[in-house]
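Think of it as A, B and C in the order they're written, each chain with its own count starting at 1.
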Amino acid sequence: MSTANGKTNGRAMRGLFGRQPVAVRVLVMVLVAVAAYMLPYVGSIPLIGPQIITQGIDWPSALFNMSYYVLLALGLNVVVGYAGLLDLGYVGFFAVGAYCTALLTSPDSILKTEWAWLYSIPIALAITMVAGVLLGWPTLRLRGDYLAIVTLGFAEIIRIVATSTDILRGERGFSSIPHPPGEGTDGKPIFGVADATPYFWLGLTVIILVILGVRNLDRSRVGRSWLAIREDEEAAEIMGVRTFKYKLWAFAIGAFIGALGGTIWAGNQNFINSATFQLQFSILVLAGVVMGGSGNIAGAILGGALISYIPDRLRGIEAGGVDLYEYRFAIFGFAIILIMVLRPQGLIPSRRRAMELKDREKEVAPQ
Amino acid sequence: MSEPHIETPEQLDEANARRADVPIPTGPATEEEPRSGRPADPDALLEVDDVTLRFGGVVALNSVSFTLRKGEIFGLIGPNGAGKTTCFNAITGVYRPTSGGIRFQGESLVGKKRHQITTSGIARTFQNVRLFPEMTALENVMVGADAHHKTSVISALFRLPRHWREERTGRARSLELLRFVGIEHRAGEVSRNLAYGEQRRLEIARALATNPTLLCLDEPAAGFNPAEKVDLLNLIKKIRDTGVTVLLIEHDMRLVMGVTDRIVVLEFGKKIAEGTPAEVRDNPAVIAAYLGVPTDAA
Amino acid sequence: MNFSGLIQDFGPLTIAGLTQGAIIALFALGYTLVYGVLRLINFAHSEVFLVGTYACLIVWGFFGLDQNSATPGMGAVIGYLLIGLVAAILISGVTALAVEVVAYRPLRRRNAPPLAFLITAIGASLFISEVVGVLTHRNQRGVPNLIRPTDVLVIGNMHITNLQILIIGLALVSMFALDQFINRSRLGRGIRAVAQNPDAAALMGVNKSRVIMLVFLVGGLMAGIAAVMYDLKIGVTRFDAGFILGIEAFTAAVLGGIGNLRGALLGGLLLGLVQVYAASLLGSEWLRAAAFIILVLILLFRPTGLLGESLGRARA
């Protein structure tokens, strides 16, 4: 894939950050994480708070929505941003994860296992990863645009299977999917129906773990191999990169993260049916990844959050007698064009590692 | 597949300091490989045996045979379009020969995957520089060094000791190689920002990082001025002195004469001459080929 | 599995499949043309089609035609059809150009990475379909009964209707005209030149910008024709009609070999056939799944589609 001359606006800032000692950087990261955990209370900040929070949907729910969109964006970023594989059917993995959880936990399932939510997770993740590998094995040899349409087809097939087979119950769906476990000090379950805040915290915790994992991969031979594949696949192979293996891993990791999103989402919703997994959903997540800045974690987070936040924020707002929520996707579509035209490399361009490496050089040089 | 040792910076330092025949080690495993085909020249490293390559009706290579010996600098020359790069691509697995065999250290390369050919000890550069443009110079070289690394995705994910160890040695070795080719000061620069000559050198460093026994250079001096060409010749000699065999493609005769031990001349996909630089220079078929006079030999 | 049904109805199914395929093929041309020149998936092409399905309805509405109107006389029908076609072609063509100017050109100027184009196209697609959705309150809109399907040709159990003949005929004529245009005219030569080698074409004085506008326009015109045929065949349209059929059209383009005009025709017809056969065999809900499975199988054996990719070598 060709690379255009990247805008490096974000570079100065990141350079400043990159030059700080490790301790400072860790501290900043911890502070950012703590601030993220405090987001449900942002409404109580005077003046600014009320502008930020959503009106048509309660703020914790909007935050939870953002959290699984961010999770999906992080997963898709591995596939699209790192390995450069255009996946238009990412929602398929989300669906497989959610359905696995539903099948194992819901009383409606023919399996009648009715497991606790927590126990279904490993199985759901494993099955989805296998699905990723099974999809990738025959298709990753195809060139980019063909891969795009095949992945699109995969998501459609998942949806059609969900709609038309008895096991997956179509529109009737699965009800009574259990919530995550845990009781508060008052004896009430932590993960209830009334307040979405604990789900947001759960989502955020998973996001942080995923970020750490993805970051580790990115800064290793795995990330280098992905970047090499993205920039010149043939040259990468001639330099000894096992391109197929790494592409398959990107798919499997993307599937894993997608399934995580799916299981958490199923645990929050209680109910899933085939109508939830529309293709538009994948497209939306992809738009988030690229808009935020394909190939970097901060960009995926920002993009994922925006694709959920913009429509939710427009809920319940009237302007000139029209409910903006009606127009949310139209406005969103327009926003996407605007953002991409103004910043073709995404909001946070992936001029990633130059600064870090300079930093690491210093560590190496005195040896 | 053989898995040679990881090169340590000490070894390379030593090699540089003495310019002696301290080979960039490829590990003992290669000695134990089952040898296929006929036993040939014991010094033979690469045997190109009667290779023909057709694209549709076009014969790009016509029964080309030659043998590279360990430790030499071997020139593959010929006018533009003679099939030099095609030959190169057949060796490095980009094309599959229509007929004929290619053996490296006694083992057939035909049908091997490209990354297997690389890990078995053949590295190459490209006629049109093909670096990874968004990566820094150091990272480009580290991709080459990764060819022999064994860090799995899982150990990278959890940062297991092997990841740290290989990152550390890989980075150190990559920096050594950047110093070896003379662009260490540019290690942190994104490679598309490097000057043209630096990019060419970086490609050589990246190829060397894969620990090759045989290094194939495809017109490495293209676009260089005379002073740069001299520097490059010295670098090639320096590489040979570390024990790496070099296959050099070039259409500039004079450049090749100064550095190679033996030369094969191709024209229209056929071998028209083979021998030492002096022998080749006086060969009438070669002179004709370069002056464009059609001869019966060609 | 309903094999006997498939065998028994093979003739009628084939005709139905070809009709569906003809519409898909015309729609697919837009994807293939843009891809051939720009190497990009024009995601917004589905909405170019969508506005066409509404354009003719609105124009027919001016003449007081709606889904409850009685079928007018023969002469009037031809008149209405022509007016509808012109309206759809015009609006689709203009929309396609607008997409090019708004979503593609600014990025091209800034030398953006290929993914960025895909995303702006997605944005444009979302914008257009949502605006249509809001304006129509997300309800479907019925099509006037301009042509009442009647059998005009009966071969065995194969009943071919006037509508089917019209659709297949119109599609073939349009495809033929386009093929001639690309392969014979001066502008067509420019398109082929840019498709084969943009740099060389630029050096030879071909105006790339104009060629790009031209392929968007031509793709839009074809989508407009497809839109009218779709209205007549299906009888209703809705704000998401473009998205759904667009995926099938794109599949067809890839199936035949994206970038290849004749590939789009072949892919479209093949896809139409596969869909109706599969629907008869497995039930209508498998219609779209079957198309994708066939696509995957074909790509595994012919990674560049059935006829290969080149717009330039359309005869290959």
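Following the convention adopted for this analysis, a residue touches a chain if its C-beta (ideal position, glycine included) is under 8 Å from a C-beta of that chain, and two chains touch if they have at least 3 such contacts.
According to UniProt, the chain labels map to these proteins: B = ABC transporter ATP-binding protein; C = Branched-chain amino acid ABC transporter permease.
The structure presented is a predicted model; accordingly, all values stated were derived computationally and were not measured.
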Is the structure still one piece when subunit A is ignored, or which groups does it split into? B | C
Suppose every chain is reduced to the average of its Cα atoms; which one is closest to the average of all protein Cα atoms? A
Cα-centroid distance, subunit A relative to subunit B, in whole angstrom: 42
Intercentroid distance (Cα basis), subunit C paired with subunit B, Å: 50
Suppose each chain is reduced to the average of its Cα coordinates; what separation in Å results between subunit A and subunit C? 33
Quick check on subunit C: which residues sit in contact with 2+ other chains? none
Residue numbers of subunit A (touch at least two other chains): 3
Going by residue number, subunit B touches two or more other chains at none
Residue ranges of subunit A in contact with subunit B within the complex: 3, 6, 213, 216-217, 220-222, 224-225, 227-228, 231-232, 234-243, 249, 253, 353-354, 357-358, 360-361, 364-365, 367
Within the complex, which stretch of subunit B touches subunit A? 92-94, 113-115, 118-119, 123-124, 126, 130-136, 138-139, 142-144, 146-149, 151, 153, 156-159, 163, 166-167, 170-172, 175, 187-190, 192, 206-207, 210
Subunit C to subunit A touching residues, read off their complex: 35, 41, 102-103, 106-107, 110-116, 118-120, 122-128, 130-131, 134, 243, 247, 250-251, 254, 258, 283, 285-286, 288-289, 291-293, 295-296, 299-300, 303-304
Residues of subunit A touching subunit C in their complex? 1-5, 80, 86, 138-139, 141-143, 145-146, 148-150, 152-154, 156-157, 160-161, 163-164, 279-280, 283, 286-287, 290-291, 294, 326-327, 329-330, 332-337, 340-341, 344-346
